[in-house]
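Order of writing sets the chain letters: A, B, C and D. Residues in each chain are counted from 1.
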């Protein structure tokens, strides 16, 4: 009998980290092997061996068996000592650029939730301004990275050593668009519009003027026009040039959830049936995508699930189509998809621990 | 000295009606002449002369001098007796189709907040399925109606007898788009996308599954795809054919406010300055439009004001532009604009009673 | 090997019903035996054998295996044919007064989520004005009912045939107060105050003026002063007379969750330690109560869990104490507690299927 | 003709400061004399003469005539040069302790919104730990301070040089309780409970973990048990000892508004009429208090007004009473009451500029 897989989580303190902890602690394949939690720990807390998870996430107390678990100071020695097989990184991209290469050297598989290794094209990476971009070392690591969208790259994920887990907005646009573009149906001369709206957890845990209740509640604002970091993922994963799509994110006054409204024009007249068929074939064998045939998805339906919900409507002419997609930005848009990638990688049921 | 103008309000019970009451009761030109409130009154309440406004809108108690005011049963005799000059109708469109012609006959000016008289083109009116559409009587009334967007039709409003007050969504799309299209800058071959988001008050006061707190809160949903009633106003007022624009409304989890994100492609390269100039010239002398030069408008900035806020951003190529507009759906999108129309009609300051 | 327990749920359409379905469908002891869903079904739907659960609760699609499940028209024949062992009733209390006696006759155990059988004292039942109150038949059924608070009546629940599942507000007040009163610490001459606040799901799924988003959002209101139906449960379960406690519910602008702030005065000086000890002993062996020692519970910590969280603070004099309790009104306050009662009744782990 | 009163506002950047600016800019008695805005200004902004109000509060652009107005660096010279008559301080209490004495020396009247000068009893002031407490200078200033509750101290406010504007929570508890206690009706042996709930603006503009949208939304929490700073105001203004009242604040998931639920026991049996009479007499001539006779006040009714709304209910015995009060924490609870104090002080209509 093989030993239970040992995971580690760097960055459990954030919103995605909390969800990751929740999922891994309850994962049927990881019973008895809670993740090793590592991260930056204040000197005062180092003395007591790290910060108890019950202090970081009191909402996990009871039911998750976190008594005794701590976020310990990050060290390679600790990971080696604990025989960590897979390291999840819910850390800023700078951290992932630094740690992922070292983990690979040490034979630790990395599932990285940041934008550090998602982009193949240097032009698309420019918005991140990575210190090490252009170095051979970075290029070597990048070459091993697989974009962790199981619905697109299931085969490559299976043997991957480094998973670049997709961005939350990106997932909500790539999954509904890729099937239509790949089938050659979309008239790219017209330009696609992806108008996305996300809940506040997407803006991170740091208290800022933007995330202050008084600014976020009873409000809606657009931001990152023509320049959001997730744009590069759309281009590379859907197969578009930058003038073929406009993507605009908005900050919604809700805790979590993303809805993207996507406008496309077809090359030739389509019907509800013809498009439904394209989606059904593309997502056959993809348990985490739900296709809507009658009504449209709403944010509430997908929140606290790992599903990406997709619905659409075609106008009378059969030439224009609006696709609406919804997902939970912390699950299918982050930690849930990361666990889905783990499942694929390990050859487990793709939806295990996610329903 | 001329007598103070006597107004009447039909339909004070709804959200737009409440705002209308508030504005008219405080209007500096209407001091001492509170509106006559009329509407459907239950038989029990008829006996006591109508329903006290303090019961309909307890939030207006104190400061608005509503003690003694009642919503009385609607009758033409009452309007004549009270020498009503202007009748505001915050009623369903069926009611406006019935009452407006009669008011005109009796020499009472009508400012109608419904969609009853906004559309010139019969094809656009089809979504309303008016009983009397096609009759000569209806055509005669329609011919007198002026679309009440002061920024577009100030001159005609001045002498109008029947104002068709614009739709809330429509206002948020027409004002930012009309200047660009009128200037011939927009490449209409590409198709404009108007992605609009509105607070729940736009869905009306009737308790429904959709307006239940549990459905509306922590949610976002798209509706009316390719078929919302306000579309006809966009076509007629901006000057577009139906295949040149896609308009999609969404239900936001906030009480009030609309934000529209509008995507256009120019015929020729533009700059921030060239577009800013177009807007400044178009809205010169329009006190209720605020142009944003640095940041983009947010819903919070315009809520509880009568402003339509407009900001925009152009991409590097100078060919694509995103315009963001915000307004309060109950004020600039309904009752505030109605009072603005009254001001224009009477030759008063356009912003009087609205700041 | 014994057969898997067969459950039925009457009233799956409401909020509590949805949670009940979710919990039972995922319960480890009920695998392969989904509940029989019964209720009132429109004649049109009778023809197709009932309403598919995928239509009633689209959010359960995927992961819950509800394809093919329907809410069927209620009939005793159906329950008998399906060999139902336990009937959960998430129905109005009138329904439970009618069906529970019949179920008992037929040997079907009932777990009733309504207020129909919670109250022993006729004076306390008066607020419900049951039609059959005072009849011998009703008294016989009432005598068999056990108040389903496992932390208080674990032993009786084990052999019960009729569980009267506690009210949501009641649970949030009884659990924190009962230990202190039972230990004889509280000076009842002073009067206890229980100030409770609940999310909107507690007001039910019917769209009303009160549950309209515009009324519920950005608001807070008190209601049911000196007369809320849950008061009788407090008196009977804590052991108080009606002049010894005042209970006031409030409607919070959140979807779910209850927080109760409870004010007591002690007979003699107490310390944090002395009170902590009372709680620890009372709730020893109660896995669904979490005691807070440092900070106070907040609604967020307990929402979407079956825990009742309890924290407290004592003033300098050691004579006054404020206890704060939180729970999810749909779980520990309704469906979660119902499943907890099932677990106790069956001798299963009390927290099975609830973490 | 006398010159228009010249006001100054220190601390316009916060939420209360914004409301103060709004009210003073629109005040009918202050037309043509906008406040001088002073405060801490970054060195970079000093160079341009301060920070434009259009940058600090973009929502005031249009309608308030703030073009050209700036928050200038605070200096006594500037106040003297601008002939400031009244200085409003919406600053931290440390600032008010420092500046108020100096202002008095210079003959500038101060209306201070902080807790710096509200408390007469040194024991009550202890929670603030003022550096200068106990000094003769501080005592001299304190002796001149008048607690700015016009409904209680209208006469003294008229000639005051230093107004200590009441706390928001305090106002919501003092106004409903003072009439009952002053009339000798309340049995103080039983202990009063004041359970208060406030919107997030009460927690200030600084982004913190507590004010982060994710913590504040969909939540409720109690804080400051047995120790909130406003307690001293309750004791002094209602006339109670610390063991006669318990006050507990809670953080509500709404932007603004306070609701206090207050529990009292009478010495002798009372009726709705007897208590209504006590309130009516006490608040005769107080235009900013609204008494509710049928339904109870709700937060929505008072938000964005300067009213304190009061309603109550008595139990069947006539011995217990629950009073519910509501107000807007930024208006009647801060800036609105400050302007009300200005009105009283100047002999203007008490409600001028507040309706």
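Here is the rule we use: contacts are C-beta pairs under 8 Å (C-beta built on N, C-alpha and C of every residue); 3 or more make two chains touch, one makes a residue touch a chain.
Model, not experiment: these values are computed from the prediction.
J.: Any chains in contact with both chain B and chain D?
T.: A chain counts here if it touches both chain B and chain D, which gives A, C.
J.: Among all chains, whose Cα centre is located farthest from the one for chain B?
T.: The most distant chain relative to chain B turns out to be C.
J.: Nearest whole angstrom, what separates the Cα centre of chain C from the Cα centre of chain D?
T.: Whole-Å distance between the two chain centres: 41.
J.: Calculate how many whole Å lie between the centre of chain B and the centre of chain C, each centre taken as the average of the chain's C-alpha atoms.
T.: Taking the average C-alpha coordinate of chain B and of chain C, the gap between them is 47 Å.
J.: Which chain B residues touch at least two other chains?
T.: Each of 217-218, 253-255, 300 in chain B touches at least two other chains.
J.: Name, in rising order, each residue of chain D that touches chain C in their complex.
T.: Per the touch definition, chain D meets chain C at residues 190-191, 193, 195, 197, 215, 217-223, 225-226, 243, 246, 248, 250, 252-255, 257, 259, 261, 263, 265, 296, 298-300, 303, 313, 315-317, 319-320, 322, 324.
J.: If you look only at chain B, which of its residues touch chain C in the complex?
T.: So the residues of chain B in touch with chain C come to 15, 200-201, 205, 207-209, 211-214, 216-218, 253-255.
J.: Taking the complex as given, what residues does chain B use to touch chain D?
T.: My answer: residues 58-59, 61-64, 218, 287, 290, 295, 300-301, 304-305, 307, 351, 354-355.
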